[in-house]
Every structure is written in structure tokens, then in C-alpha cells.
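Next up, some structures in C-alpha cells.
You will see two complexes here that share subunit A, one where it goes with subunit B and one where it goes with subunit C.
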Partner chain A sequence: MAFNGNSGNGAPSEYITLISSDDFEFTVLREAALISKTISRTLSNPMMEARTGVCHFPEIRGVVLEKVVEYFHYWYKHRDQLDVPDMPIPVELCLELLMAADYLGMDSKPASRDAF
Partner chain B sequence: MLIPYLGSQITNQPKCLVVFSEVRMGLGAHFLASHNISANQIRATAEERRRAAAEANQQLEDGDEEETTVVVETSELSLVVATEEASPGLTTRGRRAAAVNAESAQRKKEKEQKAIDKIKASKKFQKRKREPDGSDDDDDLAQALFEQHSAPLPGQMGNCELCGKRFTVTPYSRSGPDGGLVCGPCGKTLDKENPAPKKKPKQVTGGAVGRRRQVQSNILDGTFTLGGKTLATLCIETLAKNIDLAEDLGDLPGPVIDKIARKLSRHRLLNPTTLSLFLQPTADEVKVYDGAKLTVDDFFRIFRTVPGLKKLKVRNGVHFKDEVMDYLMSRHIELDDLYLHGSNLISEAKWKEYLEKKGKSLQSFRVYWTDKHFTDDVLAVLPTSCPSLTRLKVCHNQKVSGDGVKHIGDIPTLRHLSLDLREHVHSDVYVELLSKIGPNLKTLSLTRAEGVDNSVLDALHTHCRSLEKLRITDSEVMTDAGFARLFKDWQNPGLFFLDLQKCRQLEAARPRENPDHVGLCSDGFRALMAHSGKTLRNLNVHGCRHIEAKAFEEVFSEDSVYEEMSKMEISFCEEVTDFVVGSIFRSCPNLRELNVFGCMKVKDVRVPRGKILVGVPNARGMVIEGVDDFL
Partner chain C sequence: MASRPNKPRPIRRPVISKEGGEFEPCWDILRGAMIDIHNKNASELSFENLYRASYKITLRKKGHLLYEKVKAFEEAWFQNNVLPSIHELISSSLTSIAMLSMPALSLHERREMGEKFLRAIRSRWEDHNTSMNMIADILMYLERSHTTETKQPSIYATTIGLFRDHILKYGLATGAEDMDGHLIVFDIINAVVLDLINMERDGDIVNRNLLRKVTSMLEELYETDEEHENQKLYLTVFEPRFLEASRLFYRAQCEKLLRESDAGAWLRHTQRRLREEQERCQTSLSILTVDNITKVVEEEMISAKLDEFLAMEGSGIRAMIDNDRIEDLSILYQLISRVDKSKSVLKTALQTRVMELGLEIEETLKNTDFSNPAAAAGAAGAGADADADETAEAAGDKAKSQPLSGPAQQTAAAIKWVDDVLQLKAKFDNLLTTCFDGDLVIESWITKSFRDFVNMFPRNAEYASLFIDDCLKRGLKGKSDEDVEVVLQKVIVLLRYLSDRDLFERYYQKHLAKRLLRSGSELHIEKELVRRMKIEMGNHFTTKFEGMFKDMELSKDLSTNYRDHIRNLGDVDTKTTDLNIQVLTTNSWPPEIMGRSALQDGSARAEVIFPPAIKRLQDSFYEFYLQDRRNRKLTWAASTGSADIKCFFPKISGKDTGPLSKDRRYELNVSTYGMVVLLLFNDLADNESMTFEEIQAKTNIPAGDLSKTLASLSLVPKCRVLAKEPATKTVKSTDRFSFNTQFVSKTIKIKAPVSNSSSKVERDDERKETERKNDQTRAHVVDAAIVRVMKQRKELSHTDLTTQVISQLAARFKPEISLIKRRIEDLLAREYLERIEGDLAAYRYLA
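Take a look at the complex of A and B:
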């Protein structure tokens, strides 16, 4: 069981772990990862993922997931700013990343920033 | 020290002397330059010395036969050899010259050392040394200064580091691999071998103003949001930039492919090559957002590659002409949705032929921007040949008149109707149309209906029972009473979308007086909000300038809440004040965007966080993105 699941006192940890198809583990700020609708749904359901804070993505390669995690932090850092510089996307990962973005439900903004 | 091959060594001597003279030249460059001593003069003396040295050699060779060994007196050699005084003492020193070559390196080194010591003591060095980013090694720094100092200045002569030839140093002289300068021809070959690294093109950032402009532009485009773009958007933008590298989009989901297509069209990148990416044989929908670069053959290709085509959308389809229609009719393709924009080369006969042949399956038929060939007669074919037509749009059309609109009334299946015609259509035509198909209509859009009067509003009131979206714009004869009658006790459930822009009195001489209450005024506005306020998502009363402040204040009073409203356009409503804008934000909690262009009484309004107020006439710019947290 990962260290970042629910701690003993019941409050969820502020970090979660994402695991890629080739077993790379990424630890991300929970709040940042919630931009992904898929992840936020998974974590809100009373499922194993919600208890442990560990999500497996058997369809996403490590390099792609790494970029996704980078995006989480990029988004989190700039979430309240005007005129944000674009995050560079490596061309060779573009299509795969697009698939991952679609799978993770990251194609539109959260309805309201108060959701977080 | 024994030197067996004295003769050959001695011949080197004059060269050594010249080298020394050059070292001095280098060292004294500043001095010479500041004392106006020309390089030519120095060269002349150097040549003279060389001649003298050659003569001395001659003498030496004569005396060589007697002497075979030379004793070197190092103490003397360690003295700086001053070339100026070389000539007279040349003969005597010539005898020791064999040793000079061997010792020259040492001598040079010592001289260098002296110069470096001098540099180390200089003010400049002390100053440089204090600078923190410099090398902390004293010797390194002094060496660097020395080398910098000793390089010949532009305009002087130097010896090429590679070929040894003398050349005039210019500001463009290249430095060789060991740090010295090289002559022009050698420099060129060096350039060929390893060209100087190209300067990186400066990135155009646009500066602060450019960025601010971009933000404003995004707000007006409606694409503005706080924070970064979504990951999908970033990917699509990258993809659009590198679309020439893509061979196949793989099995991406439809909506994503559609977004890519839109992005490409926005940059006008859709051409015969990139079109292939969007033609998937299994698809039933093809959307060409910008077909300006496509030829007849490309349209053929669409029908060939996508045999199961059901929905076709072509914007700027200039080459979608008769041949394409013929081809489409010859295929087993039964479209149920046809959207053509700018296809002006389809003849009237071909429109009719297509509708008669393939109209049976057609459910949605939209035609934009045609001038001559989409006529009343084409519309006349619709009722008989399109039994399942639910959506009809004829926009920016120069030919259709009242006769054609009458035929639309004979399509009982119609649910959505949009007309934007240039020909004048009398209100009676619309009244008749509404009496026939009004009860089932969900959408009615009459754009630029200048002559349409209250009778149409009354017909709406009487016949329409399922309307959701209503647009009547630019009417110059409808009156406030007409609007009030329409919305008062209207059996139709609340509208979602209402656009009554520019329904106002046009009177240049006395613009403020409106005795007949032409256009949407206070009563009409109150009535419409009472009827549809709770359901409206999008309201446009742009230019309805006779709505009074009192009406706004009553409608957006403290206890009225309009949950659904997300976008409002109240530009050029003169009476709108800061208070009205504040009340609107209070009464519409989900409002995202409010347009107030030309509302000159809006001066300094507090905008809640995350809401956008566009068009404030002040120096802060067009837009205020709210930062106040009071709501």
C-alpha cells in the first residue's frame, strides 16, 4: 500500500500516486490532478483508488504520463493567472498525449474554479 | 653548448629578429597609435633590418670556416633584444645567433612574464579582479588581458596564423584555431570548414502591449479563461503547427478530430493533403470548415472515401459546383444533413435536381452566402421533395423573396427556421407562415427583418407554443406595445435564447424622442423578463436604447434571481448605469459575460470575480475581468 493513501486519522493525503503501463510511479499533488475529470471521478467514488490514492493507467506509457504530470503542475501553478505561457509539447508525443488527454477528460476547463 | 649545424641555424636569425619586432609592435600598438606612428614606417624599417641581416649572414658564412663552436652567454641573452639597436651590433650578435633560436622561446616567455606582471599591477587588472563573475585565478585573468592586448588592431599588419603570410588586419579578420588572427583567404577556407554558429532568431514576444492585446482579443472571441490552456488544446495546437508531419491521426475520438479540423481551418491549413487526415471510411460525417483550397477532385474524393456519408458540412466551398452535385447524385449517398457555405457556382437547375433526387432523406438543409442561383423556385421544390425536413436555413441570400418564404409554410415537419434575406418580405407572408407551421416551431430567426411589424409578433403570440429560440433583429416598425402584447400571457413556455437587437426607432433628427414607442422599450422589456426571465440563457437587447433605467432596476431588483442567464448583451442601451450593471450581476449569479459597449453612464463598476464585463468606456481598456470577491 502506498504511503500516500489515507492516513490513519481518515483525512486523505494531499498527494496521490499515478502508475503508468510500464510501472513508472508519479506522485502528484491531489488538487492539481483533479483537473482531470477521470481522476477526480475515480477518487470521489468509494473505490480502492479513493482509499489508497493510487491510480493505475495501463493504457498510458511512462513518458506520456510524465508529460501529463508536468501539465498538472503547470496548470496548478497558473490556475489563477492571466495570460499564461503555453507549455511546450514535444511533437513526437503529441498524438499519444492527445489520446491521454481525451482519456483523462482534460479537454475542457472545470465548470467553475470554486469546484476546487 | 655545441651546435654542429651552425650555418643552417644562423640563417634563422633574421627571422627571429623580425618576430621580436612584431612582438614589440603588438605590445606597443597603443603607444604607436597614440603617437601617430604609421605601420608602413615600421614595415620599412623592418625590411631595412632584414636586408642588413642578410648581409650579416653573408659575412658570417665567410667567417664560419674558422669558428666551429660558439659559447653562449646567457646573461647577455636574457636582456631584452631591442630591434632598433639591432643593426649595428648584428655582426657580433650574429655569432651567438645559433643560440638565439633555442633561447628565443625562453626570452619571449620572460618578456611575456614581464608584461603580465605589469598588467597585474595595473589599475585595470585590479578593477577586473574585483568583479565577482571573473576568473578567480589571477594568472588566467592576466594572461587573458595580455593576449587581448597583444592582438594586432584593425588597420595594422599581422602574420596569418595558418599560412604565415602578412596581411592587413581588419575588424572582420577571423581568429584561427589557436587564438591568433588569420588572413582573408585562410579565413574563407576556415568559414567553409566550420561556419560561424548562426545567431538564433530573436523571439518575438510582442512585449507587454502585445500580451495585453492578446488577452483582450481572447475575451472578445469568448475564448478567455483564467489559467493555462487545457492539455487537449495544447496538443491540438502543437499538432496543427506540425500537421505536415502527420500521416494519420490514428483512432482518435470524433470530437477531438473535429477540434483539430477547426484549428487547422482557422489557420487556413486545410488543403488537399491535410484533407486526407479527416476522411475516415467508416465515418458518417465530414466537416470541412474551410474548403477554399479544395478543388472539384477533392470533393469527389470525399464522396469516394466516405461511402457512408450522412452529414456534410462545407464552408467556403467555392468549388462545390454543378459537377460535384452531379457526382454526389451519382453515388449511393443519401445525405440527411447538408450545409453549404459560399457555394455560389451551383446553378438553380442543379439545386432543384438534387432536391428532387436526394431530398427524401434530407432533414437539415442549410445554405449560406449565395447570390443568384438559390431562388424562390428552389424553395418551392422543398415541400414536395423533402418530406422529413426539420431544419432550414437560408442566410445571406440575395434572391429569395416573399414568394419563396410562402412555400416554406408548406413544410409541416419544420422545427427550426432561419432566414436572413436581402429581398423585402412583407409581414403578411410571415403571419401566414406562422399560422401554418408556428405551433411546432422551436427556432425562429428573422435576421435583418427591417419591415416586419407588430402583426408578426401577434402571430407569434397566437400560434407558437414550443418556441425556444427567437431572433428578430433590425425591425424599425415594431413597437413597445407589440412586444408587450407578445410576452403577456403567452402560452409558449419560457424562451432559452432571445435576440431583439436593433429593434429601435431610427430617427436622426430627434433621436431621444420616441412618442410612438417604436422598438423594444421599457414595457416590452418588463414583459419579456416576466415571461422568459427564469429560463433565458442568452439575452440580446443590443441597441434597444429606449429601455429606461427604471425598467432595468425593476427587472433586476434585489429579490429577482435569474439563475439560467449566462450571457447578456445590453450595448448601446443609453440608460444603463453602474447601479444597473451591479444589479444585473447580483440578479444573475451565473452570468459569465456582460457586454456594455456604448453605455456611457457605466463608469466605475465593481465586477465580481471570474465574470467579464466587456466594453467599458474607460481608460482601463475594453474589458474588466472581475477580481472583486464580494459575491
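Take a look at the complex of A and C:
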């Protein structure tokens, strides 16, 4: 893989890579992606994804994942603000986006990881 | 990863792909992953893959099945892979630790073994916890939808609870999960932890980090899978045992200290233990326990044996106070504040000690021999800290002079008494601020005790006034404002304690009068002091003193005006006497000064016969005085004045050398009586003499005063302007006096000693007199108070009346009940009051 999640000295890279079912690759700011509980847990468990910084999503189409990534950055950019502009969502993607959101655990505001 | 064909579709149906959607394949994936996770072999697994597996199962409504399967899997895993290794760990010696019977192992071995065991438990726990976390993360989707709907405990709680059920509660003796009567692993953990803590308390070094890990494990485990906050195993099982063990430990400690050590060591030990336990909670246990363990230590180390420690000879509270063991007392205060908010133990101890020390002062005073000036001065010097220099000087002066006369001894005693009281006060003030945190409650106890013992001393008012007199005349001259401030504050502190303020007022008035008339003190300090008294005790207390100040000021103007007036008359005569007059208002000044004491004895006032020159002056002034005022009468109080006389001693023929060969001029400062007497000798020819009786007849000076005056003029070497025949040391009524032509002095200005210039302690008869007068005044004051109360209330019971009167008079003095009763009877007799019929103990006011 061209992009390695871990930079040379072991500190996790600032960016991670998300790959859709149709092999589109998206490079996302790690912090922005963490609002997805699923991604956040994926990266925090010492498994393959945490090591490589790459997450595959064989259930999500590129066009949907693109919208998700857009939302990540949209959320990250406005995370501390009030009165933010709406993010345009194409109607035809609504159902798929909803399912992706459910899958990615984005049904509520990202809380700090439970105190396990 | 299965990659999917990318063909466009209008709308995608729900994303459950056909392949891998069944339960079994998904579960196989998960089960394999769980084994890998337990074996710490997870790094090659794809989280997303596993997550997706549980996601699919959950979407297909098979969540409950997954839940059960995971649970069963974990239980099996425990039985087969974890328990055997734990069992191996538990050696028989550990069991005996749990039995609390001391094993025949050395401390070191016991610690090693205990720590090894805890380490093993901890590492099992950490493994389990990590695995459960990962598994719970994988099953996140299950948890989000399934367990939330069914209200089952979360998968994490369930699987983590396995550790509690299967390891902690694992019975030792049988190996079965038989809870009753058998030792379980949890007991051993507790026993080992407590054993290690006790080792640390005894000074050993133990692995705190390990302890903390184990206790945090207990904090993360709950009694049930519902995970109620107050059901943490730490709180339900460990903490009670820990507290109980600590209680036993500290009870033994405290008893040992009581047997073998002293209170100081006990204080420090207790303080250290409290700190250690708090630290232990932070480093080894849990901060949840801080309050509880603190309470245990407080109860066992402080409350339990507090009285015994405080009563310890040589190190108890008495010794702490006496030796100013500041640190001990500070710790004691902190400790007692912890266990008893009212601090009653401290209260009793402090009050008793203040009283004892106060009475000791009185006792010392009785036993000190003030006739030995060095001892007296030494005693006073020991007491005075601020006035150390002053006292040393005074001691030097006194040492030169002969043994102190009776009254002077008494005065020294008075000053010593006040000094000692103030010193005691300073001591306790110091303790209060440095040890007791300026605690207001403690301050009020101390004040109360001081007041009690000061008022048990019968001559307090007189001594206080004498002390002030001494300070103002001697102590404060040339001192900086700060020093003056210190003294003034001391004085006010002392006054605060006095309850017989009317008596003090009487003495102070007398002493102040003397100071003012003889300019013996600095007026601005006097005024400042009186101003403070006013703040402290109210207006009525100082009206007389203020009147005195006012008189002094008016008199000063009057003297100046009179001088101007004489000058304006034109008949400037060098021989006129310069008059400096002080017109005193009768009510403000003490009767002794005003020469009224004689009146009260019933005898006629002795009018001093002034020499004609003086008489003219008096008349002239009276005339001037009446220019602005009508109907005033001036009485000349010769006993208090003084005069400067210019004396001329002609040279004595026959002497060619030495001072006697020349004319000598001196300025002599004598009392008014002295002036009157000396002027008599102006009319006398050389070599003529007068007897005591002749002088008395010509001047009409009271015999006592005359005797003193003549003594100062004929006995004291530095101003012996009169020669006495016979030349004995005392003045008798038969002695003859003549002009001493051979008088020589090195200085031009001479001050004749004025015998009654310094204020002394009263002799017993004088004192009785003062008290009698004071009681008279009190009778009137009580009368007035009774009438005031009755006028307002019309009818009142005896008890109520008494209470009201006492409260009205509290600011001035503490009336005796018998006095009030007598005054009521007197008022009944004088028909100001009458008894209410049928009720003997009630009165009605008769207008």
C-alpha cells in the first residue's frame, strides 16, 4: 500500500485512509474521522487498521463514503461554532447515507470513550 | 476484501450482502478472533471485518444468540485456560495469611510471596480486561442495539463479571464455587493487601503501584452485572475490611504510645499517620477511602485516648502551655479540631491553665520581698519585655538608693502584678495566633478566664491605674509612637478585664489629677488613652477625665490672658510674681486634690494663710476671673501647686575662697506650702529661728503636710535651705528651723522633692476609705438604676428587677445581690416603691 498510516518513528500519522467498496481511497484527518465511534474504536484496538492506518469499508460505495468524508471535515471545521451553514445532501443518497451513519456509529455526538 | 462490481443502480436496497449473512459463518469469524485476542494474537485481525460480522448478526435479529454464545465462550475459556494457573499460585502459606495466623515465614519472604501473588492476579486481570475491551469493541453494534433494547447488562459488564465470579469467588478448599465457609481467592487478595499495607505502616517499602493496580481492579468490578455505582467490590468488600484492620492497627499503636511515649511524640505520630493514610489512599488504594480512613485514625488515635495524653506529666497540655511548645500546640489544635468542633477539651485545659497561672501571679506577689530593691526590680524586669531597658535603668537607680520604703514596695508590687498579667496575656495571645489560628472561640475563652482571675484579685483596679501612672510618668518619655502604641494597647487590654470599673475610675481620676497638675506626663498620650477608654467603656466613664483636660486647657488660656491683663495695666513690676493658674471644676477632679477630703471628715477646712504678696496676687486674679464670669467661687488648693522661688544667699563674711565666699542665687522649685513657709523666713532676721508650731500657727498648713514640707526643705541635702535644730532625721513639732546661710548647690535650678508626687498603693486604711466611698457611690448608682427600671416597668418581680439592674450596671461594675436588695429595701422605706399585696417578691413603682 502506498500510504502507510504510521510514519517512521511510530507516532501515528495525522491522516488515515478510508477505502470504499469500489476501491476509492479517501485520506482524512484522523481527528475528524474520530467522530465515528466505529472508526474511533477501529483505530484504538491493536489490530490491523490501527497498525496500517487504513480502513476498508466493503459495504459502502465510494460516492457515499465521499459524502461521509465531506461530513467529517464539515463537522471538524465547525466543531466549536454556532450557526453553521447546512451541508447539502443529495436526496438520492439519503438512505445509503443513513445506513452508513448507523454502521459508523455516528448516531450521537462523539463522546469520550467509555471508561472501560 | 470482497470487492464489489461498480454498476450504477437507481437506489440501493439495504446493504446486507447475501454472502456471509448467515449466523454460523459470522460466529465462526468472531470465535476465531476471540481466541486470537485471548492469545494476544490480534494484530493481524481486521477490526472492520469483525465488526461487520457482529453487525450482520445483530441486523438479522440474532443478537441474543450472539450474546449467549459469547458468554458461554468466555466461561469455557476461563475454566480451561485461566483458572488452572491461578490455582497453582495459591500456596498454602498464602492461605495462612488469609487466616491471619502469622506464618512461620520471614517478613521479607511473606512480602515477596504476597507481591508475587498480587502480580499474578493483576496480570490475569489486565489480560482479561484488555481482551474484554477488545471483544466489547468488536461487539459494539450488538451492544448499541441489542443490549440497549433488552436491558441486559452490557456484554462488557457480563464478561468482565466473569472474572469476579470465576476467579475472585473461586473457592480454595474444594475448588468448587462453594461460597459458604470456604476461603475464596478474594479473601486472600484482601489479606495480602492488608498485610502489605501493615508492612508499609511499619516502615517497610512495598510495591505501591501494584497495590494500586489491584485496588483499581476491585474498583472496576461490581457485585452484580448491573454495575451500581455503590456496589463496587472495592466499597462492598475491601474497604470495610481495610478499615477494620486499620482500626485494630491504630488502636494498638495508640495504646503503645500511651505506655511508652509522651504526648509530643503522640501528636507528631498521629499527624504523620494521618498524612500517610491520605497519601496511601492516593498512591496505593483509592481516593474514595480518604474520608473513611481519616475518620478511623481520628477516632483511634485522637479521640480514644485524648484525655490520657493531655494529662501526661511533663508533656501534656500543661507542659505545652508552660513551655510554649508552639509546634505541639499547633498540632494539638489541628487534631482536636478534626474530632471535636467545639474543642471542649482544649477549652477546659486552657481555662484551667490560665486560672492557675493567674492565681500563681498573685501567689508570687505575696511571696516576693519587695524591700530588696534588686529583687523587686529583677522581678519586675523579668516581666517587662518592651520596657526592658527602662526597667534596667530603674533597677540601677533603685540599687543606688536605700531599700525601698513601704509604699514604694507596694507600687513595685502593683507594677509587677500588671506586668505579669500582661505578660501572661502576651503569652496566650502568642499561642492564639501561632497555634490556634486566631480561633475566635478560643480567644473568647481565654479572655473569660483572664477576666475571672483578674477580678478575683481584690486590688486589680488600683494596680491597673498605678501601672498606667507608672508608664505615663516614667515609661513613655521620649519613646517612639510605636512604643507608646504598644503600651496603650496593653493598658486597654487590661481594662477590658476589669469588672469594677467604677473603682478603677476613682483611682484613675486621682492619679490622672496628680499627673496633670504636676505636668508629669505628655498630654497627647493622656488624651489618646482617655479617648480609647471612651471607645472601650463608653462616654459616662470618661466625662470626668475629659473635664479635667478641658480645665487644663482653659487654665492655660486663663493664665496667658491674665498675664496680658497685668501687662496692660501698665504697672510692670519686676517683683510681681508670675502666676500660672489651674482652675479646676469641682465635679471633675478627685476630692483629695480639691482639698475636700477634710470636709467629709466633718472638720472645718483649714484655710492656708498666704503671705501678703501672694494674697494680693490671688485677689487680683479673682477680680480678673470675675470680669467674664459671674457667681463663681475660687478656692485656693495650696496642697497641689508648686512655686519657683529665686533665692539669694549673701556671701558669708570671713570666707575668702570656695563657693561660700560669693553671693549665691538659686532658683528653687518647691510646693506651694514650701513657698508659703519659705516666705515666712524673708521676714526673719538672720540667726532667728521659728518652731514648728510657730510656723503652723502663721500659715495654718495642716500638720501632716507641713511636716512633709519642712522635711523636704531641711532634710534632703540638695535643697537644705533651712537648718533644723536639733539636726535629727525626722521632723518633730518641737523642732526649730532657721535660714541656712551656708547653703551651696552646684546647680542653679533646684527642685525640692515633693513627697506626695508619686502615686502609691494605698495603705490598708486608705484603701478601706476608698472602698467605703466607692460603695457609697455605688449605692446611689444602684438606686438610680432601680428607679429607672421601675419607672419604665411600673411593676416588676424581684428577680426580674435584679436582673435588669445588673445588666444596666454591667458596664460599670458588678453589683452584689445583697447590695441591690438593701437598696430596694431602702427605696421601699423611702416610699419610692411598694410591695404588691399578696406577692412578697414583686414591687410597684410609686410616682
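Following the convention adopted for this analysis, the second predicted complex is superposed on the first by the 108 of 116 C-alpha atoms of A that agree within 3 Å, B and C clash if a C-alpha of one lies under 4 Å from a C-alpha of the other, contacts with A are read in each partner's own complex, and residues count from 1 in each chain.
As a working rule, contacts are C-beta pairs under 8 Å (C-beta built on N, C-alpha and C of every residue); 3 or more make two chains touch, one makes a residue touch a chain.
Given the structure is predicted, the values throughout are model-derived calculations rather than measurements.
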{"item": "First, second, both or neither for A:106, with subunit B first and subunit C second", "value": "first"}
{"item": "First, second, both or neither for A:68, with subunit B first and subunit C second", "value": "first"}
{"item": "First (subunit B), second (subunit C), both or neither touched by A:81", "value": "first"}
{"item": "Partner chain(s) touched by A:95 [first = subunit B, second = subunit C, both, neither]", "value": "both"}
{"item": "A:23 touches, of subunit B and subunit C: first, second, both or neither?", "value": "second"}
{"item": "Residues of subunit A at both interfaces, subunit B in one complex, subunit C in the other", "value": "95, 99, 107"}
{"item": "Residue numbers on subunit B that touch subunit A, as the complex places them", "value": "211-212, 214-215, 225-239, 242, 245-246, 249-250, 252-253, 255-256, 259, 610, 625"}
{"item": "Complex contact set, residues of subunit A against subunit B", "value": "68, 71, 74-75, 78-84, 86-87, 89, 91, 94-95, 97-102, 104, 106-109, 112-113"}
{"item": "Complex interface listing, subunit A residues touching subunit C", "value": "21-23, 37-38, 41-42, 44-51, 55-62, 92, 95-96, 99, 103, 105, 107, 116"}
{"item": "Complex contact set, residues of subunit C against subunit A", "value": "1-4, 6, 10-12, 14-15, 17, 42-48, 51-52, 55, 129, 132-134, 136-138, 140-141, 144, 156"}
